[in-house]
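Next come two complexes, and both contain chain A; in the first it sits with chain B, in the second with chain C.
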Partner chain A sequence: MGLKTALAGVAEIAASVLVVVAFTTLVLLVAGAPPLDTFAVLVKGSLGSWSKLSHVIKVWIPLTLASCGLLFTFKAGLWNIGVEGQVMMGAVATTLAMRMGGPSPLAGMVTALALVAGMAGGALWALCAGFLKTKAGVHEIFAGLGLNFVSQGLVLWLIFGPWKQPGIASMSGTETFDERLWIPSIEALNLSPAALGMAVAAVIVTAYLLSSTRLGLYLRAVGGNEKAAVLFGLKPHAVMTAAMLCAGGLAGLAGAFQVSGVYHRLIPAISSGYGYLALLVVLLAYYNVWAAPVVAFFFACLNTGAIQLPMLLSLDSSLSGVIQGSMVIAALAVHSVSTRSRRSRG
Partner chain B sequence: MTIALRSIHKHYGDIRANDGIDLVLRPSTVHGILGENGAGKSTLMKILSGYVRKTSGTILVDSEEVDFKNPAEAASHGIGMLYQDPLDFPPLTVLENFMAGQRMKAWPDRSLFRKRLAGLCREMGFDLDPETPVVRLTVGERQQLELARHLAAGRRVLILDEPTTGISSLQKDVLFSALRRLSSGGATVVLVSHKLEDVETLCDEVTVLKKGRVSGSAVRPFSTGALLEMMFGREPAPPLRKGHEPGAQALFLEGVHAHGGRTGLAQCTVKVNRGEVVGLAGLEGSGQDVFLRVAAGLTRPTRGRVHVSRKDMTGRDHHAFKTMGVAFQPAARLEEGLIAGLSVAEHCAILERSSFSLDLDASASLAQERIQSFQVAARPESPVESLSGGNQQRLLLSFLPDDPVLLLLENPTRGLDRESVRWVWERLDAIASNGAAIVFSSSEIDEILMVSDRVLVFFEGRIIHDVRPEDTDALMLGKAIAGRV
Partner chain C sequence: MMMDGFDMLLVASAVIAGATPLVMATLGETLTERAGVVNLSLDGTIVLSAMAAFVVASLSGSLLAGFAVSAAVGACVAALVALFSVRLGMSQVAVGFVLTLMTRDLAYFLGSQYARTEGPISGSAPVPVLSGMPVLGQVLFNHSVPVYLSMIMVAFAWWYLYRTSWGLRLRCVGENMEAAYARGIDPDLVRVVYTVAGGALVGLSGAAFSLCTKPGWGQPQGCEGSGWIALALVIFGAWHPVRAALGAYLFAFLQVMSIHFQSWFPDVPAQVFQVAPFPLMIFLLAVSTLVHSEEAKMLAERHPLLRILTRGLAQAPPLSLGKARSRD
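== the complex of A and B ==
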């Protein structure tokens, strides 16, 4: 039985990959690009050298953080589309904290506090969506989507208004922070062990919370059957709010890293779309804590590898998005087809 | 059109919903199909209308053998069914619903359909405004619309499943006279009902089903006694009640009205004392479900007050009721009672609510205890959805608190065999002897008579009878359930 299920799982993954490769090849042929060369560029552009790999890790860190957050809400049966805005608000809160702290002798302290502020910012923003759902009865998808637009507007307003660079407001974002406020990184490797440690810790803590604590059990109970959870003495609204807080906190941390570890300032596209991408990561990982970082790494490779497509093959880098999207759709379709055929076989 | 059903079987696993049914439906006749809940009426009619496929048996339409794979095939033979819950498109208007499913051009001429609808309404005595969205219609009006739609599509066999539930008596009169007119015009009308009164008023011929088989048939004029006997059987229930000493007041509903279910709950005033076992009789969805949920704090009454142990609990939530010692167990096990995806041990862990980190070993051994004492065929790590229905039921019972004030149980023995039912009631009896009040609903009259100290009979959202089992019997209860007080 165990072996059979495992084999079925492997077959499913193989089938999904096959569908995706076939579909992507088709897209490339239609676009008039050589498929094999394109795939080669993607691989070389992401894993071909250490500098490229370090870039992949820089993408992997926020993507993994946001994905971990989403696991909490998905387990509770919530579609936290608002994760994108939560990443942005984390970035805003971190920027605010850094501006207030400034380059003092205690810069390390300011940076740490700014990261905490980022978590708080994301969590508060998630709380808004949570309250809209539990108190006002607005579905979390619509609440989240609306709040995403609000947070994007807020980011733009801050960059062009109160936080504009001296002299001119610019699409390039706010003034770059003093280097002492950046997350410390090893220059030679272009890698921040602290940030990498944060992401790894987030995966481990998430796995622990979801599988071995009362919180995780309650999340799964409410996600599994809200009505029955009430009869078992749980308060679904409180549990959902807790899930939103965890998700928002981790998404906020992802935003904080974007500000303090990648761009060193607030820019209009500060989230890089990692919130939405994290949704795809978790769907493809099938809500599994250990699969999520692997999928996130794969997606990070695609994003990074695609950067060189315009230069080398004059293809748009949005190809990575096409591959990621079709991957998720193919995996979900293959999974549901195989589940259905298994069921009909009895 | 004459329809003959020969030896129809429909099996769901081990359950035989239809177990060899023979039936002939003639034109110009209103044929009643009578029976208790679960007698197999709806299944049989869904087979005839192509909604459900039979396991075996033959259907002859005017001596031609047919085998409907879907409702469209049955419709093409002129067979149409009105379901208990109307199958229409609530956001669309009456006219749009009327047009849906009818032959039309890509840009249909609405005025043509409007005329056709108006004509049908005049003929049938219906009063429908074509531009009203269906969502604003009453159930009775939606039924009229559905009927008009079937007629416009040329259906000559009309099956109506419990059409008089949830409609006003005026609408019922309109419906019945329309059906009579259709029948005298040569249509075959089938009325599925559990209400004696409806059948006696309208039908020319009646077939009674019981436990998936035909238990008898009759033609007008009907004898009420004979029909009741066919519906409920005659065997007296074995009374094994010892009778408990009623204690302090556990539950007091005072003039309660509430929404929900098929009928809601109206003008409900009842007191239940500790130590009492109260059976709620009535056809499924006659208000028992709402009653239990109001008493559990899950549904808030629109009017009236709810007291538990002489404390006013009106408007409080289920958690407050739980603290007062109230426990509720729903009939829909996997939908409302258990959490699919979680194991038996994890269910136990939720109930324990101790430390932040989970001790799954401790929960597993606790689960093992419950499993053993309630004879559940499962392991602690089994996901609850993998358990059979009967085992899920036993598991739910094992989750009941040890020392409750009030147990509210919806069909607590559904899906259990006779021996298990007895065993469960010995348990519950012990809980009642310890001073708990037990209020339960059941579709088995025998069970209610066997274990209750008091029986409340529900009909159309009201309690129409409050009797002791020794002052009544299965036949009298059956009569009351069918609306003949």
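== the complex of A and C ==
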């Protein structure tokens, strides 16, 4: 690690940003949209005021939680695409716990238990995919995807069936919870210190577990070379299951926050696609714990900034996904080209 | 044949028609994976090519132009996969997954102004003489042109893979790149060619959705999710075009039946039937993997009936699937 490597890193980032800006401009021109105005809307819509920034943080929290979870599975060499369903099941479990607890005098306790239930829900769902992989040999991508479809069906069924609002079921979701059950937040700032603390803690704990404990070592051993890990006396399937449990728990916590801190009820699109987005976050962060929250913040800015595109420029908000995706592709491509040329130079 | 408004012939005909896009996508991905490349971008590619086909066909008024553009879009996305994974040696799964999300968002971004507009539909075109046949006429020969095309493609893919020297070369690269190289075949070139060709078929499947089976364009698009099903079907079909196509027909059958089940069991919520085919698909994947295990083989030794079953379901992926060739 020297100045040369650092400079190469900066050059890589600059090159990928350049590619992304060029590509996005091209897409905008094809759509007949003014590129400069669009970029301005994205920046102002995310960092322009405190209320915008607090919204960014509300996106950042679940995104960071899910990304931390994915670091465990990626280290173990697993493509946990089921993270989306794990977020949803965390939300479902939290909703269930809050409905059972109700607005009692001990509302704070109910909320805390509901968050734990969310983690358990996500972890259990991840366990399903883990067992399908280790016991039945179904690749985790297909097991996870199938379970994503199932959890989406379950969420819809709950909203239109057993948990429908009194009167009429609707796409707007279940009944809003009593205010005492919400995650406490500072109203003037529209920010929940407790949730923010949870996300920061998740990053620190993940970093610690992955770098300084046996678990981290085992995960890297299995992810690096499954056969060699067996020779060292490790049980790859047990390690993989542990990775899935960690990932599912953190994804479930993200879903729990969506329910208790953002929407205060269960809605059909409760996961907001943050599971899939977290996969992109971790890819762009090159599986680095400390880079993941930074990338997550950048992605959260794009998501928040794009909300106003339909209103101000009558453009679809899916532009954020186009930028995020091209960012990851460009970064991966630039990185692999530069490592190749460095290797060939010696 | 009638039972509670349930007509066997109508169901069979609906299955053949409904499976068309899935058959095309599954065949395309089978070709690609036979060359050793996993193109995971299917789901987004189908949405993007469905949008492109719909927009081009409604602006130009030509269905043919719509289908041509969709094939070009699919080929372009696949070319990106080939460039990044075969040429640059990047992870095929990572590239494919990012592209699947990005192409879907790109489709919704570029296509938003055309959502829910009127567009052309590839109408019914019964085959003369053949459509007059009893039973078979209605089931097989009373469809639109893309449906016939998909049926011809299945036969063609089988013939190409197993009866031509080009097909032999393709399978050889998928099984053992070094051996293929030693025989004077350029493995990278073969991989790029079949990734792009497979991508074109996947693109056509998008057009088959938006111009034929699920006509129209909107958000969310009805074909979202089918790319993932096609990917699972390739495994279920054990990388054999005919078996993969049969899987597509099976899936279409489950979807058609879910509509009927809904009317037969009104107490069970509709969402259950809508998502039921997906876990069923996983279950079938699990079964087709399990029969390959040692225990299953030992059991099969003793029971002749089981032996036939395991042989029918056993699968073995192309050996170099997902791997990049080292150039050192």
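We adopt the following convention: the second predicted complex is superposed on the first by the 345 of 346 C-alpha atoms of A that agree within 3 Å, B and C clash if a C-alpha of one lies under 4 Å from a C-alpha of the other, contacts with A are read in each partner's own complex, and residues count from 1 in each chain.
We take it that a residue touches a chain if its C-beta (ideal position, glycine included) is under 8 Å from a C-beta of that chain, and two chains touch if they have at least 3 such contacts.
Everything numeric here is computed off the predicted structure, so don't read it as measured data.
Engineer: Looking at the overlay on chain A, is there a clash between chain B and chain C, or do the two fit?
Structural biologist: clash
Engineer: Could you look at A:276 and tell me whether it touches chain B, chain C, both or neither (first, second, both, neither)?
Structural biologist: Second partner only, chain C.
Engineer: Of the two partner chains, chain B (first) and chain C (second), which one does A:316 touch, if any: first, second, both, or neither?
Structural biologist: second
Engineer: Is A:296 touching the first partner chain B, the second partner chain C, both, or neither of them?
Structural biologist: neither
Engineer: With the two structures laid over each other on chain A, which partner does A:153 touch: chain B (first), chain C (second), both, or neither?
Structural biologist: It touches chain C, and chain B stays clear.
Engineer: What is the contact status of A:334 with respect to chain B (first) and chain C (second): first, second, both, or neither?
Structural biologist: Neither partner.
Engineer: Examine A:235 and indicate which partner it touches, taking first as chain B and second as chain C; both and neither are also allowed.
Structural biologist: After superposition on chain A, A:235 lies in contact with chain B alone.
Engineer: Is A:132 touching anything from chain B or chain C once the two structures are fitted on A? First, second, both or neither.
Structural biologist: After superposing on A, A:132 lies in contact with chain C but is clear of chain B.
Engineer: Just chain B (first), just chain C (second), both, or neither: which does A:161 touch?
Structural biologist: Touch partner of A:161: chain C, not chain B.
Engineer: Comparing chain C with chain B, which touches more residues belonging to chain A?
Structural biologist: Of the two chains, more chain A residues are contacted by C.
Engineer: On the A-aligned overlay, A:79 touches which partner chain: chain B = first, chain C = second, or both, or neither?
Structural biologist: Only chain C is touched by A:79; chain B is not.
Engineer: Have a look at 23-31, 95-103, 131-139 or 203-211 and say which bit of chain B overlaps chain C after the superposition.
Structural biologist: Superposition on chain A puts chain C right on top of 95-103.
Engineer: Could you list which residues of chain A make contact with chain B in one structure and with chain C in the other?
Structural biologist: The answer is that chain A has no such residue.
Engineer: Along chain B, where are the residues that touch chain A in the complex?
Structural biologist: For chain B paired with chain A, touching residues are 298, 318-319, 322, 328-330, 335-342, 346-347, 349-351, 353, 355-358, 360, 399.
Engineer: Under the definition above, what is the set of chain C residues touching chain A in their complex?
Structural biologist: 40, 80, 84, 88-90, 93-95, 97-99, 101-102, 104-106, 108-110, 112, 219, 225, 228, 231-232, 235, 269, 271-272, 274-275, 278-279, 281-282, 285-286, 289-290, 292-293
Engineer: Any idea which chain A residues touch chain C in the complex?
Structural biologist: Touching chain C: residues 27, 30-31, 79, 81, 132, 136-139, 141-143, 145-147, 149-150, 152-154, 156-157, 160-161, 276, 279-280, 283, 315-316, 318-322, 324-326, 328-329, 332-333, 336-337, 340 of chain A.
Engineer: Inside the complex, what are the residues of chain A that reach chain B?
Structural biologist: 212-218, 220-221, 223-225, 227-235
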